[in-house]
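Next up: the structures, one after another.
The two complexes that follow have chain A in common; it is paired with chain B in the first and with chain C in the second.
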Partner chain A sequence: MIIIIAILVLLSLAGVFGALLGFSAIRFKPEGDPVVAQIDSLLPQTQCGQCGHPGCKPYATAIANGEAINKCPPGGMATVEAIANLLDVDVVPLDAETDENPIPLVAIIREDECIGCTKCIQACPVDAILGAAKLMHTVIESECTGCDLCLEPCPVDCIDMVEIPTTIHTWSWSPPENHKLKANLIVTDGESL
Partner chain B sequence: MSEFLIMLVSTILVNNFVLVQFLGLCPFMGVSNKLETAMGMALATTFVLTLASASSYIVFNWILVPLGLEFLKTISFILVIAVLVQFTEMVIQKTSPLLYRVLGIFLPLITTNCAVLGVALLNLKKDSSFFESLTYGLGASLGFGLVLILFSAMRERLNQSDVPKPFKGSAIGLITAGLMSLAFMGFAGLAPV
Partner chain C sequence: MSNNDKLWPLKGGIHPAQMKDVSNGTPIKQLSQPKEIILPLNHSNGAMATPCVNVGDQVKKGQLIATFNIPVATRIHASLSGTITAIEPRAIAHVSGLQAQSIVITTDQSGQIEILPKIDDWKSVSHDLLIRRIEEAGIAGLGGAGFPTQIKYRPHTQINTLIVNGVECEPYITSDDVLMREHSEQIVEGTLIALKILSAKDAIIAIEDNKPEAIGAIKAALNKLDTYNIRLRVIPTKYPSGGEKQLIYILTGQEVSSGNIPASLGILVQNVGTLYALRQAVVDGEPLTQRVMTLTGSAVNNPGNYWVPIGTPIQHIMNESTRDLIPHKIVMGGPMMGFDVPDANAPISKITNCIIIPTKQELPTFSDSNPCIRCGKCEQVCPVNLLPQKLYWNAKYHEWEQAELNSLFDCIECGACSWICPSEISLVQYYRYAKSEIKKEHLDKVKSDQARHRFEDRQRRLEKLAAEKESKRKARAAAAAKIQSNKDNTTESVLDDQAKADILASLARVKAKKPKLTTKVLDTKVVDTKALELAWQKTEDVVLKAKAKLLIAQQENSASVPALTTALGKLEERAKKAKLTWQDAVKFDATTIDDIEQ
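Take a look at the complex of A and B:
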């Protein structure tokens, strides 16, 4: 007899708890994936496609699903570190051909050769190229991310990628060796920087 | 009132569940690598442990005792705890998807955190009233959170320091936990057991 009561009690307890959980599963259903939005906000939004995805948002979705975080050359190591910190994973060196600290490039249009076709304007993900049809174009250097997407569409090949030269304003002391190790004694130190 | 305060001090410091009674060591070692994760884990465990000790009191004294089914206590407590953990998991997934991602497998593993079942069973052994059980659960979880956060802060620094190779990782972590445990024995005598 007591066995039957015991089984009934356990069953009804499980039933009540199951109903509670079922209700809260509907009540607390997460909408969308906010992690994707947070990763997306860390990406540089150049929509350059160098990661192999059509834009920053698709790449953010791919990262949330487990893709490597080091495929964003415009963002550089800073982006890799920010995403690693967000997702609590290890910092990995930037992927592929580029070095760990790639020399920043900027696109320059050889203006006397430009025929004013506007094809590079349409290709530029950050609207850093100025110009109008049949008039000479030029690059706003401070806006250019060096993604080289404008090289391909140019029919006369008048765009060069040049290294940004070090000037008296941009030069800085090279950091000491192992500076990354010493700079953040604890992980949370990095956030106030 | 003062007896509740004494009870809190006793469970947080003197009879700390992790360092003195050695319960709940798996999340203590597993989730203490990063301070923020440890804080999230401490909060989640506080929520689960406090609610679990209160609701297992209710289940035991209002359902099992009147029906003469005291022998069902362990299985029904585990049922209660599992439901609470599932519920916490849903709430966290809704409110803080990042924390949900970072805690990962350790969130459902609160179910098997021996401190949670330990508190429920010890409450029975001590024959506590409802509010005593609640205080005991709260104190136990605050103590767990306190040492988890302290330990993770130390481990963040340990990760950056020059540890001899054989002691790297978990080994130095366990040694540190042992030293912390020694230190916590100094609280003995602060409150009656």
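Take a look at the complex of A and C:
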């Protein structure tokens, strides 16, 4: 008899909680894929397509579906580390020939040479090029992500990728690591925690 | 009274060697005129001033030469008379050694001065006029931050207490000390003007007890006044008592919460130099074109304080003291919070209170440090109650989030922790590095969010355009199909049926005519009339169908109504013709049959 009561109680509890879980699964279902949004927020948003996807969000979706996390050259190792940290996977070296810590670039149109073909305008993923047919185009530098997608379609090769110069306001302190540790007295004095 | 005398001792803090007697033994000297004045156009918040002079223009001392189009910035005045010889990038007093767009004035001996109208009777003019004067005179906080002073006089909350900061707690620096000794009356008058602008209740002038002459001078100046709402408070010497939030705590026991400004407590803190400049601007109409600066350090021959025009190159000031000096380093500001200037051609700015030219023994270059031994001394001396050791680990291992959680941005970079550290770890360097990295990260985040929005907006726009194109194409296709089907269903099919009927009718007619010529074959003739009847009937059917369609079209107000109407007209005509043909045939038949029978 006691066994039957116990089974009944457990069954009813299972029923109640099952219903609760089922209800909340429908009622509180998150919109979109939160993991994709989180990965997307870590990507540098250059929209350059170097990962083989048409933009950062598609790559974020692909990562969420199991693609390698090291295909973003503009993000560099910092992005790889951040995504690895988020997804709790191993850090893998960047899959690129370029430097691990990329230098931020900006596109500059040599305006005298521009023929006004609008091809770069169509190529720009962030609408950072201004101009009209048969009129000179120019890059809105503050909006340019340095993705270099505008270089290839230009028929007269009048677009250059230049380094963004450091000004007083973008300058930052360098790490004070120029000293050498004389001895590792305790384990945390080593190079990694 | 007893409560008024109470002081709240600063938590933490250090007692470094004062080194003030190096430079405070002589009165303020006038610097010889520099050949060149360099006035950078950049503001600390990233804004750039717009010059209102051109290369080649003659300018007078005190003439406005550049303005900002944002409110949180100070105006730039020519600090000596001369000619504008260039507006170009020049080295500025910054630890990076970078250049910034600057106005360069080659000075002359004309000594022409332009001043603003004097406001002698400042007690009877409006607050607004006085605040406008502060703005016109380009006054900035001379204590170190260089914040535009006019903003401070338009607070969002009522200011009750004005604190006049004459603490000058950092070693070596004596510019405020000597200014108070020599110009105490002007400082007190500046305090009165500030009190009037703010409608504040009272003011406290705070001075550290290591400046007896300055204390005496201020006391004497206060004794001449008939008002009693300015008090002098002498506080114990301890670094960094002169920090804004630290001084407020020492004097009032109140703490300015993290991320807030003193105005949230109804307090405004002003440096003595700022109030002196304010008084000069109001009473004498002088824009801020010069300041008192300490030149000190063991490498210079005659250290002391100088009236220095803003924009004077450091090299010129060094030459004044010691010819052909090749400095081991140039420190701008004090030894605790100052920074190394890599280029001696950089000019001094409104906030430069001190230049130290030390010997190698005096301020050695940062050498190898030892590992942290976790002694915890840094935590004892931190005046902001932070955990410097924890912040050090956070900064070292790039744990920015943790660093922010440990209130990194409340660090005032006073350097007490670095000073006390037995392992000589330059802790402040770590904090500065961490702060700039975090700021950079935030900026990058803002920029990438902007890029994301632009990308998404573009995707949406492209999708919308594609959808519009598609819907237009579909609409066109649908319209074409409708026209096509209309034709099929109405005119075309009707006409098709009619054509068949016509063919039948004409065949019948041809056959019917045949008996006219050859009346031999009666069977066929009979059949022919029957065929004609059939044809006519068919035509009538088609007409009926067409009529029905027209009716429906009229009810639906369709565009095919006119086409249908004309088609119907034609059909009716043909039906009539078919009927006539058949009737003719029948008549003919009858007569021929009669003829034959007869």
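The rule is short, and it goes like this: the second predicted complex is superposed on the first by the 117 of 193 C-alpha atoms of A that agree within 3 Å, B and C clash if a C-alpha of one lies under 4 Å from a C-alpha of the other, contacts with A are read in each partner's own complex, and residues count from 1 in each chain.
Rule of thumb we're sticking to: a residue touches a chain if its C-beta (ideal position, glycine included) is under 8 Å from a C-beta of that chain, and two chains touch if they have at least 3 such contacts.
Bear in mind the structure is a predicted one, so any value in this text is a computation, not a measurement.
Undergrad: Going by the contact rule set out at the top, does A:W171 touch chain B (first), chain C (second), both, or neither?
TA: Only chain C; A:W171 stays clear of chain B.
Undergrad: Residues of chain A touched by chain B versus by chain C: which partner has the larger set?
TA: Tallying touched residues of chain A, the top partner is C.
Undergrad: For A:P30, select first, second, both or neither according to whether it touches chain B, chain C, the two together, or no partner.
TA: In the superposed model, A:P30 contacts chain B only, not chain C.
Undergrad: In the superposed arrangement, which partner chain does A:T145 touch: chain B (first), chain C (second), both, or neither?
TA: second
Undergrad: Of the two partner chains, chain B (first) and chain C (second), which one does A:L21 touch, if any: first, second, both, or neither?
TA: Touch status of A:L21: first partner only.
Undergrad: Across the two complexes, what residues of chain A are contacted by chain B and by chain C?
TA: Dual-contact residues (chain A): 181, 184-186, 188.
Undergrad: Could you pull out which chain A residues touch chain C in their complex?
TA: It is residues 40, 43-47, 55-57, 125-128, 143, 145, 166-169, 171-176, 179-186, 188-189, 192-193 of chain A that touch chain C.
Undergrad: Give every residue of chain A touching chain B within the complex, in rising order.
TA: Spelled out, the residues of chain A in touch with chain B are 2, 5-6, 9-10, 13-14, 17, 20-21, 24-25, 28-30, 33-35, 38, 86-88, 181, 184-188.
Undergrad: Can you list the residues on chain B that touch chain A in the complex?
TA: 34-37, 59, 63-64, 67-69, 71-72, 75-76, 79-80, 83, 86-87, 90-91, 93-94, 97-98, 101-102, 153, 156-157, 160
Undergrad: Show which residues of chain C lie in contact with chain A when the two form their complex.
TA: Residues 42, 46, 92, 94, 96, 98, 100, 366-373, 393, 397, 426, 429-430, 432-433, 435-437, 439-440, 444, 447-452, 454-459 of chain C touch chain A in their complex.
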